[in-house]
Structure formats: C-alpha cells, structure tokens
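Chains: A, B, C and D, in written order; residue numbering restarts at 1 for each.
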Amino acid sequence: MTAVLEMRGIGKAFGTVKALDAVDFDCRAGEVHVICGENGAGKSTLMKVLGGSYRPDTGEVLLDGEPVRFQHPAEARAAGISIVHQELSLLPFRTVAENIFTGMEPTRWGLLDRRQMDERARSLLDRLGSSISTSALVADLSIAEQQLVEIAKAMLVNAKVLVMDEPTAALDDHDAHSLLKLVGRMKTEGVAIIYISHRMPEVMAIADRVTVLKDGRHIWTRDRRDVTINAIVTAMVGRELQDFYPARGATEPGSPVLEISGGQSRYLRDINFSARAGEIVGVAGLEDSGKGALARALFGDSPLAAGEVRISGQPVSLHSPRQAAAAGIGYLPGDRKREGIAPRQSVRDNALLTLQAMAPALSSPNGGARSRQKVDQSLRHMDVRAGDFGQEISTLSGGNQQKAIIARWLMRNPRVFVFVFVEPTRGIDVAAKAAIYQTMRALANEGRAIVMISSDLPEIVGVSDRIVVMHQGRIAGELPAGAEEGAVMQLALGVAAAATGREMAS
Amino acid sequence: MTAISDTARATRRLSLRNINFALVIFVVLYAAIVVLQPNYLDAALFMNFLRRAAPLIILASGQLYVILSGGFDLSMGAVVTLVVLAASMLIGGDPEMTWVVIASLYAMGLAVGLANGFIVSFLKVPSIIATLGTMLLVNGLALAWSGGAPRGDLPDNFRNLGRLVLKDVPLVGSLPIAVLILVVVTLLAWWGLHATAYGKRLLAVGDNPRAAELAGVPVKPTRISAFVISALSAVTAGILIGGFSGVSVNAGRGLELQAIAACVIGGALLLGGRGTVVGALFGALSLFALFTLLNLLGLPQALRDSLQGVILIAAVGASVLRHRRST
Amino acid sequence: MSIDILPAGRARRGFRDVPVPVVVIALAAIIYVTAAVITGQTNQISFAGLTGLLQRTVALGLVGLGQTFAILVGSIDLSVAALISTVAVLASYLMQGDPGMIVPAIAACLALALCVGAINGGLVAYWGINPLIATLSTGLILQGVLSAGFTYLGGRVAPEYQALAYQGLFGVPLPVLLLAVLALVAWFVLAKTRFGAHLYAVGGNPDGAKLAGLRVERFVLAAHIIASLGACVAGLYLAARLQSGTPWIGRDGIYDLESIAIVVIGGTALSGGKGGVIGTIAGVLLFASLDASFNMFGVDAFLKQVLRGAIVIAAVAVYAVRNKGHVA
Amino acid sequence: MQFRSILAATLAVAFSTAAYAQEFNDPAEFKKQRELLSTKAEGPEGKPWEQHLGGAMIDTAKFKKDGPHTICFSNAGVFNPWRVVGLNNMKGEAALQKDRIQELVILDAEGKDDKQISDIQSLLDGGKCDVLIVSPTTTAALTPAVEAACEKLPVIVFDRGVNTKCPVTYIHPVGGYGFGITSAEFIASKLPKGANVLAIRIVPGVDVLETRYSAAKSIFDEAGINVIGSEFTSSDRAKTKSVVEDYINRGVKIDAVWMDAGDTATAALEAFEDAGLPYPVISGEDQQDFLRKWQKENLVAIAPSYPTYQWRTPIIAALDILDGKPVPGPEWNLPQPAITQETLASYIDERMPALHYSLCGCQELPGYPEQWGGK
C-alpha cells in the first residue's frame, strides 16, 4: 500500500521557538494513523501545515507522490485534505445545512441551491447516524451535536485525507462510540485518516499505526500490534509514568461538606447529592444528562429553582458565581479559553483573580494574602511553568493555564471547602493530566470535598471515590470506587436505572 | 524553557514600548511646537498648555475605564454640555451656590453613568448603541432645559476652577488650579486602575467577562462603575471647561471621540483588557499638542481633521505591526 | 417526562421567534398611524402622505444598506458621513449644470467610493486596524480634505439630473424606487448567492471561515467597498435632491451613527454574522415614521432628541435583554 | 518661521490642487449694502421689524383670504442661540396676533437639508396651511422645494434666501457685507496704519458669514491694517480662548479683534485678561454678555447686528399677505443697526441671560422676559 500523504522533513519555527523539527510523517489510504503527543509536541502545528494554515520553513508535503505547497486552507481543501477542527468553527446563527456547506455552497444558475444543500446535508447526517434537522440553527444545538456537524462538514468533500483533531473531546462515551464506528467505516472506503487523541483506550481501539511526537520531533512510528499504552505514554512523556491515577485516600471520608436536597431547575429534577470531606465524587452521564447543569447550579451560574444547598451544614444561597465563591466553592471550568483565563492578563493576575474579586474593591491588588511572594509560591507549588509570571497567560500551554486556574482557587485556601472540576483534563496531555489528578487528590486529602464532572469514563472510574451517574436530569444511581466502566455506562444510558437508582433514593 | 523566557522578555519590552510610543509622539510634537515658538519652554506657558489640555486628559482617563471594561462611552461630550449649561442655570451667578451646585452636577453625572451601566449590563444593549442613545438623550435634555440658549451666569469662584492661575508658586512658578485638579484626578485614575483590586477586576472583565464572572468577579457592578467613573470624569472636565471659557451650548461637542482617540494613541486596546492611565495621559497630551501645533502652523482648519486622522491610523497601525511582529 | 430538555433542531414558538424586522415594521406602522389619528391628520395616511414618508427613508436607507454589509462581516464604517459629503460635492462640482457630465460625474464618484472602500477594507482586513479607528480616521481625512478644498458649494448638478430626484413612476418617487430596488438586490445577494453566504460565514466566525477555505480578508474588503458604495449612492441622491452638495451634509445628517443605529435596531448583530437588509429597511422605516410623527405632534426639537435617544435604546433592548451572557 | 511656512506651504499645495472656493467678494453687492446702511428706513418709527429700506411694494390681493389663518413655518433648526431667540420672537409675534391666527405649525429640520425638503412636502400634503414661511438651511438645496410650494401657497422666505423669485417676499436685514462694513470701519477708525487685527470666525463656507469677512478684509486692506490671522472656532468658547492665547503667545501685539459673530467675544477678551494684557479694540455682536462686559470694562468696541427681530417680520408679512395688503417685495430689506458707545446703555437688560440678543425687538411682546429666559 502506498502512502497517499507524505510529509518529509517538515520544520517550522515561530521566532526562536522550533515548533517542528524535521518531522517525517505519512498516511496510507484505508488506514487510521494516530498521532500522540503532549500539548505543545507539535501535533496541531503539523496539521496546520498540512491544512495550509501554516507554510513550513523546511521540508515538503507530497500528495499522491506529487509535491504540493498550500498557500491558504482553500487550496488544501481543494486538494482533498479535510480537517475536523478541535476548535469549533461553526456559525451559530446559520442553519446546519449552511454550516456544512460553508465555502462549498452548491449553486444553480449562480444562485444558492438550497434544496441540494438540504438533501446532501441530510444524507451526510444520516450517515453519521444523527437526526439533527438540517434547518436548525447551530446555536440551538448541544456541543456534541455541533461536533457532529463539524464532522459532517469535513466529510462533505470527498476527502483523500481526513484529519480528526481530538474529535471525541467534547463527546460523551456514547457519542464517541458511534463516532469511532464511523471512522471504521470511512477507513474501509479507502480514506486516509489521521487521528489525534489523548484518550488511550480509543487510540488502541482504532489505530492501525501510531506516531509519537515530542517537542516538535518525531519519536517513532509503529504498528498498533507492536505498541502498548505504556509504551506510547512513555514515549510522549519521555519517562515512565507511574501511578497515572493517584492512590485513593487512606482515611475514610469525613462528614458531608456539600449537601443538596430536593434540587430542581429547568434542567434538573430531584437532586439529592452530597460530597464528604476528603472524597472525590465523580459525576458521569451523557451529554445533556444534566451533569453540566449540576455543575452550573453548584456554581450559581444557572441556579437551582428549588431545593436546599448546605455547605458544612450551613444553608447557602448560590445565585451567582460570586455567591458560590464566597460560600467556599471553587470552580474549574471545562472550557478554559472561554471560561477560565483572562488571556491578556499576567499569569500572576490570573492566579490572583478570585482573591482580587473577593477583596474590598479599593484594597491593594497585592496586599496581604495577595502579595507577589504568595502568588509565586502558589504558582510554583502548582508547578506552573512560565519564564516569568508577569507574562500574559495566553502565551502558556493549556496544561499550565489549567494549573494557574487551580492556583487561583488554592490562593483562597483555606476558605474553599468544595472544588468543582468540570472536564478537568479536556485537551490536556498525559503528563499534565497526571499532575492534575495528583492535585485533586491532594486537595481531597486536605479535607475538602471534590466534585469531578467528566465525560471521560476511564478518568471517572480511575479517580473517583464514589461515582454519581446522571440520566435525563436526574441522578440515575451511584456506584462505589473502582466500578466497572460498563456499569457506569448502563446507568448513564438509563438501562440499569431501575435497580440501583431506586435504592439510592430511598 | 528558554523559548518561554524569550517571549517573556519580548512582552516586557513591548509593554515598555507601549507607553513610550505615546510619550514619544508627545515629545516630538511638543519639540516641534518649541521650534516654532521657543517660549513654549517657559514653565508658565507649559503650565498654560497643561491647563488647556486638562479637560481632555481627564476625559481620556475616564473613557479609559470604559474602554478597558470592553465598551465605549459616547455620552461624555453630552455630559460636558449638560454640566456647563446646568451649572450656569443652577448657580445663576450666585457665588454662594457654587459648591452646592457642583455637588448636584456630580449627582447628575452619577445618574447618567448609572443609566449607561444599567442599560449595558441589564438590558444587554451594546455600549456603542446604548451610549449613543444616552448621548442624544442627555444632549436633548440639556438643550430642552436651557431652551437652547444658556441662561444664568457662572460666578468667579466657579470660573476660577478652570481659569485661575496661582502666581509665584515655589518650584513651578505659576500653577493653574486646573492643573492641580488634573494632577489629583490623574493620580486618582492611576490609583483606581493600577493600585486597587478593582482595577484588576476591570481588566479581567474587559478581557474575558465570562471567565471573570466564574472567578467570582461581580461583572455587572464592575462594568457599571466604569461607566459611572467615566461620567464623573466628564463632569469634572465639564466644570473645568465651563471655568476656562464660560457657558456655551456646544461646550462638549466631539469630545467623546477625542477622548477615545487619546486612549487609543496611548496604547489602550479597544474592546478591553489592555491599557494604562499613563498611556491615556500621553495620548491626550499628544492629541492636544497636535492641535496646538496646527494652530501655530496656521494650517487651514479643515486639514487639522485630516492630520488627526492620519495620526490615529499611524498610532494604531504601528501598534498592530509591533504586536504582529512579536507573535 | 416533564423535563424541559430541548430536542435537537426544535422549533421554539414565542415572541423571540417573530423576526425582528416584522416587529420593527409593525411598530413603525403603529406609531405613524396613531400619530396621524390622534392629531387628526388622517390625510397623512393617504398615498401622498405615505410616499412622503418613504421619501424620508431614502438617504438613510441607502447608507444603511451599505452599512449592513460592513456590520455583517463584523466590521463597521464610520466614514460614510464624510463620504456622502464628498460625493455630493464632487458630483455637483464635476457637473456644473452640464447634462453631458452626468455620467462622467457619477462614474467619478463611484470610483472615489471604490477607493475609499478599498482603503477602509485594506486598513481593517489586511493591516488589522480596529475598524472603528480605521474608518473614523479615513472619515476625518476625507472631511478635512473636502472642507479645505471646497469651502463653498462646489457648483450645481445638471437640471436633468436633479429632476431624477423629483420625478416619479406611477406616483412613486424615483428615489424610493431606487431604494426599493437596491434593497432587493442587497437582499438577493445576501440570501441567495454564495457571496452572501460567505459574508455571513466571515462575520459569524472568521477563523472558521478561513479554515473552511474562505479568503476572509477579501470578503471584509468587499463588504467595506459595498458600504462605501452605499454611501456614494446616498451622496449622489442627496446631490440630486439638494441641487448641489455642501461639505457638511453628511455630518449634519449624522449618517454615520444613525445608519449604525438602524442596522442594529433591525436585528443585525454588531458582532457580525447575523441579520440582514430587511431589518435595516425596517429600522429606517421606524426612524422615518418617528420623524413624521414628531412633526405631526409638533414635538419641540430638543425633546425630539431626547425621545429619539430613548427609542434607540428601547428598540435594541427589547431583543437584547433576553441574551444570555455579557455584552460590552 | 521658515520651517513653518515651508510646512504650511507643502501641505497647502498637497491638498489644495482641487481647491474650489466660491468668491464672496461681490463689489456691486458690497456697494449696495454700504448704501443701504445709511438709507433712511420707511415704516413705523421705533418698530424696525416693520420697516423697510427702499425697494418696491408687491400687490398681494390675489392671496386675500378670510381668517383666522393657519401659518406654517419650516425652520432650518434651532442649533444656536441666535435661532433660539429668533424663534421665540416669532412665537411672541404670533401670540401678539393670536386673534388672527388659528395655529402656527412649526417643523424643525434639525439642520438637515434633506429633512427640510420633506418637511415642506408634508406641510403641503397636510393641506392645513394658508401660508408658508421658510427659513432655509441652504440656499440652493431648498430652491426646488420652495418652487413647488409657491404653486400652492403664498411663500415667505427669510434669513437665507433661495434661488428663485417665486416667493412673495424675501425678508432679510441689510446683509453680511453690511455687517463687515460697520464693524471693520469702526476698528479701522480706532487704529493707526500698520496695526494688527485678529479675525475670529465661526465656520468657513457659510455665505452669510463669508460676506462679513470679505467686506471687513477689504476695508482693513484699504486702511493698511494687518490681518494677522483668520481662525475658525465653531462657536466654541474654549477653542476661541485657546486660539487667542496661542496668538498672544506668539508675541505679536494684537491691537484689535474682529469677529464675524459675537457668541465667543467674551471668551476672546478673557484670553487677554488671563495674559494680563490690556483689552484690544473689538467688534462683537448684540449679546448681553458682550454688552455688559463692554460697559463694565469700558471697552473700545462696537456691536454690529444681524438683528433677531427679523423673525417677527414673516408673521407680520404673512398676515398682511392674507389680508391682501401690499408688502415690500420681492425683497424686504430690514434695517440693520449697530450698537455703539452712545446707545450701549439702552440695550443692556440685567434680567436677560448672557447670550440673549438685544436687538430682538421683543421687549413689548407677551411673555417677555420669561419666554426668552429672563428673570
């Protein structure tokens, strides 16, 4: 089998930073070639070179053996390279059909052929097993549905090469499964598929070959048969990673720190939920199961309409994030870029933001607990890597940004009793993941309650002391530490709700 | 690691250059003024220059707060007009009334600022439209109240705020009251933005309101107070303008755009998140030095607009290029 | 299952689903008719009264059409007022009453608008200067050169040209027809062509549009050129209607801020990617019926300003208030 | 100095290639207005708004109509105090004649030519008007609209004119040349040859203002007086004061300040006060603040006027026309007096606001002084 795509000796530097250093890569028709690497390893840069967003400094790209040099994404697209982007590139106020055809609208006598658009969009979505209406506005879709539209958009062109950059990051396990099936089908149709993922089980499930990049260099490319998860991880991190998931707490959890009884809202029904000091409660569920709504309710972002919330036994009112913060809840948002960082402010100011938000408005920004030494200490404690904590946070990698945001809440130590982590490791590389799990465990061991809301099943199972599974706005059931992924999935799908769920409610 | 510290150094150099750019423009323009008119080097004339520039600088400092929060305040000029007209009508030439009336002027400013803030924060009207609306509204109210022709008169103790020059002051020679007020206001603005937790909140809100909210920042109060500060600074500027030159119906015309321009020349990023009071100060001084220079050159009035446009494009264009090169 | 989890692609019903233009037009009609009835000037609801009303929409409507394009791609054009003045003056200066110069003068004005639009678009799209600053500056430059070069009325347009602004077809004034035709063309372009779809894509998500293979800069440039052409046509219309252009008609008409206001009132998002020309036409109708109603009630000039300010805010707030999240 | 002139010249050349400025130097009109200034007015003594300077009368029998009448007025706008005082005068006159007037309908064009054309159109469509008064925003722009109105109604134009003879009469004071002549001749008479005068003006390009400067300039040239600068200040007091300060700082002695409109005269004087210099000879206008300052500081000054009482005349003319009485026409020249040292005291009224125009002829009208903002 010959390679459809070949990239030889690709180098790309930004200023003095070498993002790619003589990387070789190829992909054959009908294979899934997975690229693994930490954030900043150069995966996205390599794909941007392929997609025509960047021009390489050195090396060449060959498509069907012919050298190509893309000046603009338009050319790459025309050449049959199709990319499902990690960052959603959709238009919220346009319909699904219009989005799928962005830039490739069919015309008839010079006019948009909307009927053809609708029909072809429908058949694409059907192929993806989705029933989204083609005339729905994208703004009205869930994140998972938007991801499907994104994939449909990439499939529109009869791609020779299909690049999927963490396509399952936003999907829950169920949707991720159907996506993987689809990838398998496309493979049999002879498409060369380049697949980027941080989810190791997924990698092992679909890969034909695996390539590992590190620090902009090609480490190795091997057949799936010849690799193990451990080997991949070791190559990515550059050392052996032990104890990926930290050991569970040695002591029994203490008294309940956070209690919700009778919680109701537009998206939630009958929420009775508690988290005790020293435990990590994992909240699992499908997209739209209400687990996101639960997180937002806990942080006062979309408050409960009825029910009672207590923190350390005291009833609290959570009607705004500010109230929640004041009540002692720390919140790590899932969408770092949109909800986490203030990109143009310094690392230090980002870490200080909550303290500054809660301090008297006219007090010094660096007074008392907000002193520069204390922030720096906190940032170093979190192992945030930056040349200078005074630089803008947007210059840091995603993992370091996430750690800085955790530091933001740690700065409020000891007045934070509950931490709510939403998708704590989405888009974060393996090494940084492990560090974040360690931190969560350390926070719990200090006597706090941790609520971890995640779509990543291995993470839920690996980290949680207790697993709460949600289904259609209700708590479907609860499972102990170390439960099987399958059991979680059954509850999430509503299959096993009857047995366990009722037990828990009583 | 080395890569990161390189960029870090680059950003630090950059922020230094950011301030310097407006400063450089100012120094160059003022040097040109001095070439034409060497007596502008006299302390007294420089003080007089500052006295005249004071309202614009104060407006720019207030506008900066709104710009940093991610918005615009187009209603500033109308507030200046309102202040000048209201002062003359309420005081009616009676010096006893001055301080009471000044207090009520600030109350009016507070009301306008609150209105702007509420419309933007709660009614979710984009600030460019919201403050355009209040601009029309306030201007109309001021004119309707005065019947289109100002009534009453400003007594000397009010006028002195913008007009009086203290002579024989140690160190500086002469010292206009307006410059004293300018120094106080600029220090206050600097303190509020760079030396309080509030200032950091404001920057975060302008940078990413959603993230700021989730970090516990009271986004709406922060944003509303930015509009209030802007309106209060417009009141201060209005008092100085009324003091400097007396009552007129178009005292504030066009000042809002000049204030925005000053901030932008001073390196503030439109739509929020980056900017400094020192930058706005030198931005306003540059703009004012430009006006003075053009006066001295005796260019046709009309071309002064053109040159202002060229300077704006140059200032913003240059900062865009600098940023582009650094990333 | 009473839970309110909304299914994919559902159709919601309610006030928010009534298209903005419909609401705005209804509001305009109610205001106008109420004013006419209350003040007893029911003959303003006649054909003549209505054409008079429509005539009031022409200049602002033409600018608004162009402005819609700029705002749709997420930009904005503050230079339209200065360009209107420039075009009006240039047209009358070049014509000097000579009918033979009508076509060359129009061509020159269009060429000028093309240049101004290209400069605006270039500064915004290729140089990356904030559109408010870029177009404010080009406006200042234009206005300055104009007032310096033409201190007084620069000649007059040809009588035949002037007649165009005052003649009608079946009783409908030609300028109203012009606005209607151009609005139709603009609607057609935005709704029915690839170019239009691409403008929405560029405005709605510039990064996404680029990844989808669109040359984003070109569309921003094109939108600015269209905005300038809109202002140009408005300037040409005003030159015909006023016989000669003065260097301050654009500024006095506040066409820059008012055109932005009507576009936004018509439901086009300042952030781009949402809205259209029907909303703009609705917005200009609202402004015109307000104008006419104020006249009927004999509202004092200053009070008029107050009311207009309040209405601009209220009209946008009615829809904006339901938005979740923050605006700035 | 050289640097300045080179820079100025370069810029001027760069921008002025397309320069096209209408000439405002019409010697015939200059001469005519100079004569009118000394012409004896005809009409009732002490009521300059009913007087006229020479000219023909026009027969209006064909417009005769039974009252009471609806008078419609399309106003350019009320964007400056002069127009505000004027509009009050007109309303005052209408109140005085309220028995004969059913309604005075006023549409305000807010300074927009386009809107004024529509306003006139809608007044015609409304069908209520018996007579139409127009104060045009711009001469040329309003011509077609006025022509259309003439076909339906008697039309009276005042302040600025239109390029058509169709209105029954066009009411205006002597004019801009007259204004310039009065002020400049006074200044020239007080200064020696070679003295310096600074001209402060509002905006370029407005006919009624440009003629004032053109007349003044030619008189200064004739008298050998240097015009050291001509600056536009948009009626902005702060700008006026700054501009004058800049001129003072140049170190050139300013012997006189000539102004094409008086609203910022006191601001110009303040610049001299602040610099500790003696007051210059100055020409202002008939606003109270200037007159008071003049009296208080014993200035050498004159206040020519473009009297606001001309706003009363259109109502008087309208009623006369509808009565079929002949009126002065097609041009109705009103007298244009100046306030001098001798007459100064009689024009000062401490009750009135600072920017009130003394030649309003409104002292006897109902509602004075409250309606004009007085106490």
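By definition in this document, a residue touches a chain if its C-beta (ideal position, glycine included) is under 8 Å from a C-beta of that chain, and two chains touch if they have at least 3 such contacts.
Because the structure is a prediction, the values reported are computed rather than measured.
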* Asked: Take chain B away without moving anything else; what clusters of touching chains remain?
  -> one piece
* Chain whose average C-alpha position is farthest from chain D's own -> A
* Interchain centroid distance [CA atoms averaged], chain A/chain B, Å -> 43
* **Approximate Å spacing (C-alpha centroids) for the pair chain C, chain D** => 35
* If you average the CA atoms of chain A and of chain D, how many Å lie between those two points? -> 72
* **Of all residues in chain C, the ones touching two or more other chains** => 144-145, 147-148, 300-302, 304
* To do: Give me the residues of chain D that touch two or more other chains.
  => 15, 78, 204
* Asked: Which two-chain combinations touch?
  -> A-B, A-C, B-C, B-D, C-D
* To do: Flag every residue of chain B that touches chain D in the complex, lowest number first.
  => 35-37, 39-40, 45, 48, 52, 55, 88, 146-153, 163, 165, 241, 244-251, 253, 292, 295-303, 306
* chain C-facing residues of chain A, complex -> 51, 53, 72-78, 83, 85, 87-94, 96, 98, 101-105, 107, 110-112, 131-133, 135-136, 140-142, 145, 153, 266-267, 269, 288, 290, 472-473
* What residues on chain D touch chain C, complex-wise? -> 15-22, 24, 77-78, 105-108, 110-115, 117-119, 121-122, 125-128, 138, 140-141, 143-144, 204-205, 207, 210
* **In the complex with chain B, residue positions of chain A that touch it** => 14-17, 299, 301, 320-322, 324-326, 331, 333, 338-345, 349, 352-365, 370, 385-388, 390-392, 395-396, 408
* Which residues, counting only chain C, touch chain D once they are in their complex? -> 41, 43-44, 46, 48-49, 52, 55-56, 59, 93, 144-145, 147-156, 162, 166, 238, 241-244, 246-249, 252-253, 291-292, 295, 298, 300-302, 304
